[in-house]
Amino acid sequence: MAIDLSQPPEVQRLAECTRAFIRDRVIPLDDADDGDITAAGGDALRADLQREAREAGVFAPHAPVEYGGHGLGMSDRAPIFEEAGYSLFGPTALNIAAPDEGNVHMLAHIADPEQKEQFLAPLARGDVRSAFAMTEPAPGAGSDPSALTTRAVRAEGGWRINGHKWFITGADGAGFFIIMARTSGEPGDRGGATMFLAPADTPGVRVGRHIDTLDRSMLGGHCEVFFEDLLVPDSAVLGAVDRGFEYAQVRLGPARMTHVMRWLGAARRGHDVAVSRVAERRGFGSRLGDLGMIQQMIADNEIDIAATRALLTRACWELDRGEPAANATSIAKTYAAEAIFRIIDRSMQMCGGLGVSADLPLARLSREVRPFRIYDGPSEVHRWAIAKRAVSAAKRAQQGAE
Amino acid sequence: MAIDLSQPPEVQRLAECTRAFIRDRVIPLDDADDGDITAAGGDALRADLQREAREAGVFAPHAPVEYGGHGLGMSDRAPIFEEAGYSLFGPTALNIAAPDEGNVHMLAHIADPEQKEQFLAPLARGDVRSAFAMTEPAPGAGSDPSALTTRAVRAEGGWRINGHKWFITGADGAGFFIIMARTSGEPGDRGGATMFLAPADTPGVRVGRHIDTLDRSMLGGHCEVFFEDLLVPDSAVLGAVDRGFEYAQVRLGPARMTHVMRWLGAARRGHDVAVSRVAERRGFGSRLGDLGMIQQMIADNEIDIAATRALLTRACWELDRGEPAANATSIAKTYAAEAIFRIIDRSMQMCGGLGVSADLPLARLSREVRPFRIYDGPSEVHRWAIAKRAVSAAKRAQQGAE
Amino acid sequence: MAIDLSQPPEVQRLAECTRAFIRDRVIPLDDADDGDITAAGGDALRADLQREAREAGVFAPHAPVEYGGHGLGMSDRAPIFEEAGYSLFGPTALNIAAPDEGNVHMLAHIADPEQKEQFLAPLARGDVRSAFAMTEPAPGAGSDPSALTTRAVRAEGGWRINGHKWFITGADGAGFFIIMARTSGEPGDRGGATMFLAPADTPGVRVGRHIDTLDRSMLGGHCEVFFEDLLVPDSAVLGAVDRGFEYAQVRLGPARMTHVMRWLGAARRGHDVAVSRVAERRGFGSRLGDLGMIQQMIADNEIDIAATRALLTRACWELDRGEPAANATSIAKTYAAEAIFRIIDRSMQMCGGLGVSADLPLARLSREVRPFRIYDGPSEVHRWAIAKRAVSAAKRAQQGAE
Amino acid sequence: MAIDLSQPPEVQRLAECTRAFIRDRVIPLDDADDGDITAAGGDALRADLQREAREAGVFAPHAPVEYGGHGLGMSDRAPIFEEAGYSLFGPTALNIAAPDEGNVHMLAHIADPEQKEQFLAPLARGDVRSAFAMTEPAPGAGSDPSALTTRAVRAEGGWRINGHKWFITGADGAGFFIIMARTSGEPGDRGGATMFLAPADTPGVRVGRHIDTLDRSMLGGHCEVFFEDLLVPDSAVLGAVDRGFEYAQVRLGPARMTHVMRWLGAARRGHDVAVSRVAERRGFGSRLGDLGMIQQMIADNEIDIAATRALLTRACWELDRGEPAANATSIAKTYAAEAIFRIIDRSMQMCGGLGVSADLPLARLSREVRPFRIYDGPSEVHRWAIAKRAVSAAKRAQQGAE
């Protein structure tokens, strides 16, 4: 009854199928368009890939079985999502890209039966995409969510929402929005938020410009979104009024970890490309892969991959036990975001001039992974939270000792 | 049947007992003599502490049950050894200090019944100490074991051994030596070594000077040892002739990990001392522990502790399954040795001038942990081995693809 | 007669004029097209900007006075080039972008009077652009120049050149090429190269595809170039036959340093953007610029900027004295390329989501500066050269002592 | 009239003499006692070494000529102090060890003629040692000097001083103390301090225990010092009342830089020892110094040495011009303290087990240099100051632009 790290056989099988599917069907498309999912076909590509994934039996590993998914928990998702992340288009193909994957997770936990039928079911099937509208331009909710300024006020038979959001991933083309709005208190208060569900074609929902960011692989972009006297009925409230920050945690802990899984796959691809190259190229009278400085980069990549996976394993186990795992997910996310960036960066360096060109996938991977040190909570905010817990625990221990 | 990281209840109980024992009985002695085990009493101290540990029920967690130990596997040892390592004298108290602990492990796997009776039993009971004589001065066996120059040649009824070893931990006062000697081939060959057992009072065994190193917590020092026409009988051969390098791996993988466990405990103590201090001290108009640069050091320590533990968990699980785990132990050892050094270094920095003084345990911990980046294989050698495996795998994949 | 770091007054004045010109005339264009010089107008934009720079009195600070430049040495160029580099289009505006700037430098040192008239004069005036054709695809000349495979063989009245080059900056639209070709020996030999001058419209010169790299600010791209039975007269030989590697050093040392100057300007802009932002934005109950983790990033940027500038000062002084300065330029280039990358990376991080978007210039700066750790010699090759010199010196000292 | 980095010939000659003197007369003693200056002879050794230094013409390079020194400015001191620092006993031999060297500097600037005669003259000649009593235990003056709690109150004909100091370098055996005490305001105020001069045998001066720190090379230790109703006359005031913090800056800027000079010498020695060793030792089928990971450590050491020296050059030039150079000295000190630590750490790592032993000077150098990241202002405090200046400048620029 000791520690057991073995993957269940059915998970291993699904991981192998996913690996083959990604390698054979998805990577070629990703490479052809340098990871730009819009250039590669956008929602039409998405429909094709998801159909193929369904046929290959690898679609929706995370979604509840009653909605056509495999119903895997966090620990079991890890190897599958990592395989999917090996291609930048892989998560879209399996319907596990952000933000849909996190939204499926949250709706499965919080939505009522009618909401599940209306929003979760088509989302899990891939019939629609979705967006999670939380982040706001300064001085609103950014790294510090309590600064939330979007307001929902009581209106006849429901709520009237006004606010300005940005960096809303997937907004352009989303079928519906999950909207975080303040229903009580003032910006700066650590409570008073509520989540609302609204179909994208509701009057008062306006999607603005795409913010042009380093990454190109997320369908629907990172957009500005405006809610202008948006009226939603009471049935649009997700969960209970004023508990939005709590629910956000339900979403954010697992969502951080699934991000790590996917980006770890991307990092592994970068590493594989580089190692494969230095294993055959020669220079300075030696195989490149036998030169000490190259070996150091390879070993550091291997260490970073192993540590990311090990921290992820820990956090997923805690989440699967029903713990909030706030510390474990902050630690895993912070380490992973920085490690994944280093892995890709070293992989580029190993490949020289070609490494920074589109002839290899490394330059695009470097663009894609950089924002992860900021998205889902900048490293600095996670470190702040980790340190606060440590100092508080030390303080309590001192007071206990007195 | 998914991944399970829970510790068995009896392991948790033993860890708690160990923590209390270390805190109440061992730390005060460690602090009183600034971690210098010889100054604190040497072998007499050891006898006292081991008696107390036996009474507290925490003695020899690793030793086979038939020799009075708890018989724990690698995964179960981890939390216990970490608690023991919280004090520099803790491993000696529990009889799990290097090199005895690794020697118990190896003898339990390889020795024949007579050898077990003569060498393993008293070692497991703490009646004697032991030494593992492998490392040699240049140009002999150092980071590169194949350079082994100590020779054992056939003599009547046994073997005659000549050679010069150094950095032999625990040699001064050891009851017996495990000697690595070349029985075939030449220095540089990757085979041809044999292990021999020899009581310390055998003529031809001479312990020279203590090499004065940064660390002070290992009983018996790091000594030069000379084998001068040392005659041993055939029964002194441990395992089979010419298989010494193989057996060394049996010892080295687990020994690396138990080193990590112990030093992780030391790192955690350093971190606890620092966090406790910044949780109450003030400066620059703030509690020190609320200043961002201090928070960053605290968080980085927490991340390093978590990653070390997670990599250790992985390697121990592989070892417990009977795998050689060469890559997993190299990765965990390399990461851990560097992380543990960083943790202590940051802890010193957080405590300012006091941090580099003997008023706190941090300065001595910094001296103690630095050599671990060199002992048990320098980081560079592990990285070289990790990279070689990765490049070879890539090469094989290419050849398979052709 | 002690050390003097003051800039001559006329250099200070030119630096101030350059700063104002860049801020008022160039930055707005750079920002409008996110640093993509082709999108912003390509060679037409270049002609406009250079005319304006001439009118502002800041054109061609490096070119010999007889060719219309300011004739500044390396030390005096440093502050001017840094100001120019503050905008990605600045170096083009002043006619000091790579590779033209380095080619002017080299032609001024090596070309004969006719070559100067034909090639240097129009280049210094900005009438034409140029390219330096050295780098080749594997297994040719890359990080290791001795692998040179392009061949020039004796033909009637001149030479016939055949070879395949790539990553030839500015090739598309260049008026002429400086071609590095092997005239004796075999690939791997550390000699036997010759430089040739050839107008771009000479039959046998073919510019292939643009290699799509992370950077977008260099006019004429990084192209593949093919020399197919290219016939050049004897007068096309730059300097003497078989001394090409030597001349390359004449070009490369200073060219590395002017790269550092320009990219240091870019790094300073990134830093300024970030500091300006955190000086006014608030979060977590504080001005962002007063949070410790932000302060740490700001201070590390300041340190990196100061160290880069200080190492540059040293290397330029050596070059101005006529020394080859191989070690000083390797050290300055290696430190600078890594420091500049870190500066931009921290600046992005300080700005959060906006930092990785095109709303600020940071994301594009991060793309632009990354290749500098590879271009002009990867950090690993410079470190190898630095270490070789140190070890050789130690060896000589030992032999001297014997 | 451009930048000139050449050392004046007389400085070069003095540097060469110093190098020879240190190598021939000082290093052997340093090595014999593992850098422990008390064990090596303490003040008697000091007298011997200083006599020899005087005979060799290298004594007191910094002291005013009228007091028997060479009267060198900061820029000219740099190469001499670096040579002296090559041995841990070198600064004592030349009478330029901390705190005497900084005290000579400050007294030469601030003391009145009588004070110069009584205190500066014997100090410059090496007849006595001195101490600078500023640092206090928490919650007093530590990293944050404004927390100063030691009080001087008006008494008949002078002042009565009470306070508790610690980490007072050189206190045991000092001939006199420079005491920082609060003459107005409260702890936390950024003013109100005054400096007093007091012979060590004045009643009310009590030197307590030596604080046992990692370093061993500073004569007189780091002590606790108590001022108990210490009465000093008005003539004991150094400079003007209430201007102590100002004067401290006069001392601290240059004192930081001379620390850097000395420790840079120590770092260079560590690097030389390691490079010399890997230049002759072999392993893994190669000369160690030709292995890539070793080359990387060598090159990083060379870069760190060059950058430290270059930043020092800048700061010294500013100081020699009479500027406060607060930012330049903070930058140089912070970079240097961290770089010097890295250099020694890599040097140890290159030498393997021997690197952490007393057989080489590296382990002791590692102990000696670690505190420099804390002494003279921890890196965090310097970074905080550097960032505050940058943010303030940005804020001013914004307000100017409005």
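Per-chain numbering from 1; labels A, B, C and D assigned in written order.
What we mean here is this: contacts are C-beta pairs under 8 Å (C-beta built on N, C-alpha and C of every residue); 3 or more make two chains touch, one makes a residue touch a chain.
The chain list, named the UniProt way, goes like this: A, B, C, D = Acyl-CoA dehydrogenase.
Worth saying up front: this structure is predicted, and the values here are computed from it rather than measured.
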{"item": "Label of the chain whose CA centroid is most distant from the centroid of subunit D", "value": "A"}
{"item": "Comparison of B-D and B-C (more C-beta pairs in contact)", "value": "B-D"}
{"item": "Distance between chain centroids, defined by C-alpha means - subunit B, subunit C (Å)", "value": "51"}
{"item": "Geometric centre distance via CA averages, subunit D-subunit B, whole Å", "value": "39"}
{"item": "Residue list for subunit C, restricted to those that touch at least two other chains", "value": "291-296, 380, 383-384"}
{"item": "Residue ranges of subunit B touching subunit C (in the complex, touch as defined)", "value": "291-296"}
{"item": "Residue ranges of subunit C touching subunit D (in the complex, touch as defined)", "value": "1-8, 11, 73, 75-76, 272, 275-276, 278-280, 287, 289-290, 292, 294-296, 298-300, 302-303, 306-307, 310-311, 313-314, 316-317, 320, 327-328, 331, 334-335, 380, 382-384, 386-388, 390-391, 394-395, 397-398"}
{"item": "Subunit D contact footprint on subunit B (complex, rising order)", "value": "34, 135, 138-139, 142-144, 147, 166-167, 188, 211-215, 222, 281-285, 291, 293-294, 348-349, 352-353, 355-359, 363, 366-367, 370-371, 373-375, 378-380, 383-384"}
